[in-house]
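First the structure, then my questions, so here it is.
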Amino acid sequence: MQIESEKDGEGPKGSDIARKLPWQDPRVLFRYKLRRLADKMVVAVTILAVVVVLYPLLDILFMFFYRGALAISIPRLTGLTLQFGLANAIVGTLLLVSLSTIIAVPLGVLGGIYLAEFSAQDQMSKTFAGTVRFLSDVLSGMPSILLGYVGFLILVIDFGWGLSPLAGGLILSILMLPYVIKTTELSIRKVPLKLREAATALGATKTQMVNRMTFPLALPGILTGIILSMSISIGETAPLLFTAGFSNYYPCGLTNCQVGFLTYIIYTFAKIPTTDSLSLAYLSAFLLISFSLVLNMTARIGLRRLSKI
Amino acid sequence: MVKRYGDTVYKSLTLIVAASSILFIISAVAVLLFNAYPSIISNGLGFFTSANWNPSLSGTVETVNGIHRLTGSSFGILVFIADTLASSAIAILLAVPAGLGVAIFLTEVAPRRIAAPISFMVEMLAGIPSVVYGFWGLIVLGPYLFNTVEPYLAEHLSFIPIFSGPISSPGLLSAGIILAIMIIPIVASISRDMMARTPKESREGAKALGLTRWEVTRRIVLPYAKTGIVGSIVLGLGRALGETMAVAMLAGSGVQVLPKSLYYPFSTIASYMVLNLDAALTDPSGMYLSAIMELGLVLLAITVTVNVAARLLIKQGFASSSENVVRV
Amino acid sequence: MREESIPRNPGPVHESYIKIQDLNAFYGNLQVLKNIRLDFQEHQVSAIMGPSGCGKTTLIRILNRMNDDVPGFHIEGNVTIQSLDIYGRQVDPVLLKMRVGMVFQSPNPFPFSIYENVAFGPKIHKLFKRKKELNRIVKESLQRAALWDEVKDRLAESAMKLSGGQQQRLCIARALAVQPEILLMDEPASALDPGSTSKIEELIVELKQNYTVVIVTHNIQQAARIADSVVFLYKGEVVETGRAPTFFENPSNPMTEKYLSGQLSSV
């Protein structure tokens, strides 16, 4: 590593002209051509990746929208599954989603308020809140089929609710809970601290501050979270098989009465290779994709905004 | 004083509700454990080391050490474990290059007006219900693989053991591909968020030294986002391991043999669980159901471990906005 | 690439080395540089001054095409380096950056070791055959950046552990390691304490023996200390250019006078 220092008054001009600069060196330039080629190839590969990834999406959308649209007919939309219609399943899906939303929203929103507003008060609250956050992440990573089994054993058998809207709705609401909690917490935390401090400075209690100030401001974010969780519950199948059952007729009550739903139609009728069954499955898929994509994408756009600090 | 009393009530109310999610988890685990107990005791370690899963429904009830089971029944879950891991491994092998390719395209290659709609479409993949993927797999992907791709692979790549025939029905490969499509949006969108967080200063510093776009990506962006990218892959793995409907619809009869090639029929833990509750209920000794519950515990343990690891990695690589919207 | 075939012409020292003609620059519809005509001479330090937001950064980033990737950014006019039109079709913007190095306002070392930071460019461009040569490049670059003595015993340590002033000199060494001809510096000392600032100033004066330096600065004293020629930019237009001492002693434009006396703080 023995080199003479440039600083020691060596003639700058002389050394400069003798110096061969890299951008003039043919080997460096040749290497650059290879590097540029590598760059172009990577770009091509990423474009290929995009094409490969979007192909199934477009195929799925096109196929189900096309075949689903062909399958649309008044009897199929208004008839019972008994007569190869979807009316009972559409009503059943709406019932299940409404029930689960009614249960999940108050629980999730209040839980989220706790995490956002009360969890930093002392060490114990902090630990507790950390546990809740952690477990709600665990819950959102839990395969839904497991909740289906649990729901079957506890709600359907032990509680004696039977395969029913209530059992299905309750299990769906547990699946939704982590999302509602998380988005509520995020939305409330996004409300500027200044506003809250201003409210408390005016003598508002924490309760008044949360209810009149924070909550209304956080409401749009909370709503997106609710919409997201609804899109999840509308597309669920596995846990409902063991908690909601299936019925060819309209729902007849909250307990001890099986209920039909759209995902069940797809699951079952997709495997039966007759025109009537497949048409029904296509139409269900068409409706389901439309509902859940609209809900899901609305929520995602909202949440993306929410997550930007 | 009255005011503070109100606050306390409010706080307690929200606290009790927040605790409910803990309650749900604990009771779910308790129910699984309680029901799996007979199987845990009766099947012991053989449950994990044997590949012989035979409920033997024609057997008669016998009682050993106070636990009822059918004569001749045997519960070993190696096949389910192998199929679950194999299908997820295929999914990861396919989804990682595709998802990272998309993420690199979105952050490094495409101008904004192209990146935004493509990003939107990739996220749409995550919004499609899994039963729809199963349907598509059943009528489009499965037959295509079975009739075109698999014969071709078997003919030309048969010197590699996992590619050699025979071809019987849509096999592991179809499950792997479906799972890959389902987890690509997770890998792509979280990786994209992580890569987009690379400080502008680092990018520009590298660019000013004469690095090409790919070199900036490889030397600066990918190392910066590394932890988060690994997290997104692990999160995708968690989803693939626990995915139920899409796989169950492709699983067919669920023959239980250890997979030797990509074309073998398969039964993952989740697909077996969803397809066999009814059968399990016909076992008068209850051992079949108990064994399925133990299988469920195994699935729970695997997915929770993987998910916790993923969340930790992603937290380390900064909170991602996509992480919050991914259903796992 | 045309650059390979153009012989490097040492030429008389006073030939304009970098020539900017009728340059207009836009972010979308917003015009930030208007009708710029400027010449920068070889082996001199040229300072660009002006109130905040007047377009100094934009101007300097045009010289190595750093702004090419900024969405909506575009220019009209002509920029040549030794008569080579750097926005010509035959010029590769990546390769141009080997010739025109850049140091940024706030130090931005990579999260690698000190050694790897300096070796980064040479490794990418493969400017050496043996490890020994790379070591020499690293040492020489650190010496030119007046950092060698401070870091020679801790080359393997993370660059992030260095002080702000040391980090900035490391960034200068990093730029020097790919042996550019021109060094662009955007307020290189604005984030530093006075001690580090004077070190960097000394360094810049040293550097002009081997490089052509274009520097943006807010600091009038600093410009007076180091610059050979000065450009005063106001609202995207060149108000006055001049040789260093005269510019500061006898500004011909009243606007320049106002700026120099501190009455023009921003646009």
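Note that the chains are named A, B and C in the order they appear, and that numbering of residues resets to 1 at the start of each chain.
Keep in mind that, in the parts below, a contact is a pair of C-beta atoms (placed from the backbone, for glycine too) under 8 Å apart; a residue touches a chain by one contact, two chains touch by 3 or more.
What you are looking at is a predicted structure, and each value in this text was computed from that prediction instead of being measured.
A complete topology is adopted by the chain contact network, contact being made between every pair of chains. Highest inter-chain contact count (C-beta pairs) belongs to A-B.
Among the chains in view, A has its Cα centre nearest the centre of the complete protein Cα set. For the pair chain B and chain C, the distance between mean C-alpha positions equals 52 Å.
If each chain is reduced to the centroid of its CA atoms, chain A and chain C end up 48 Å from each other. Each chain gets one centre point, the mean of its Cα atoms, and the points for chain A and chain B are 15 Å apart.
Contacts with at least two other chains are made by residues 212, 215 of chain B. Contact with two or more other chains is made by residues 35-36 of chain A. Counting only residues that touch two or more partner chains, chain C has 94-95, 98, 124-125, 178. By the touch criterion given at the top, residues 111-112, 199, 201-202, 204-212, 215, 219-220, 223-224 of chain B touch chain C in their complex. Interface residues of chain A, counted against chain B in their complex, comprise 35-36, 38-39, 42-43, 45-50, 52-54, 56-57, 59-61, 63-64, 106-107, 110-111, 113-115, 117-118, 128-129, 131-132, 134-150, 152-154, 174, 177-179, 181-183, 186, 205-207, 210, 228, 231-232, 234-238, 241-242, 263, 266-267, 270-271, 281, 285, 288-289, 292-293, 295-297, 299-300, 303-304, 306-308.
Within the complex, the chain C residues that touch chain A are 1, 3-4, 8, 10, 43, 92, 94-95, 98-99, 124-127, 132, 135-136, 139-140, 143-144, 178-181, 206, 209-210.
Those residues of chain B whose C-beta lies close enough to touch chain A in the complex are 3-4, 6-7, 10-11, 13-15, 17-22, 24-25, 27-28, 31-32, 35, 97-102, 104-105, 108-109, 118, 120-136, 138-141, 181, 184, 188, 212-215, 217, 238, 241-245, 248-249, 270, 273-274, 277, 292-293, 296, 299-300, 303-304, 306-308, 310-311, 319-321, 324-325, 327-328. Chain A meets chain C in the complex at residues 1, 3, 5-7, 12-13, 15-17, 19, 21-29, 31-32, 35-36.
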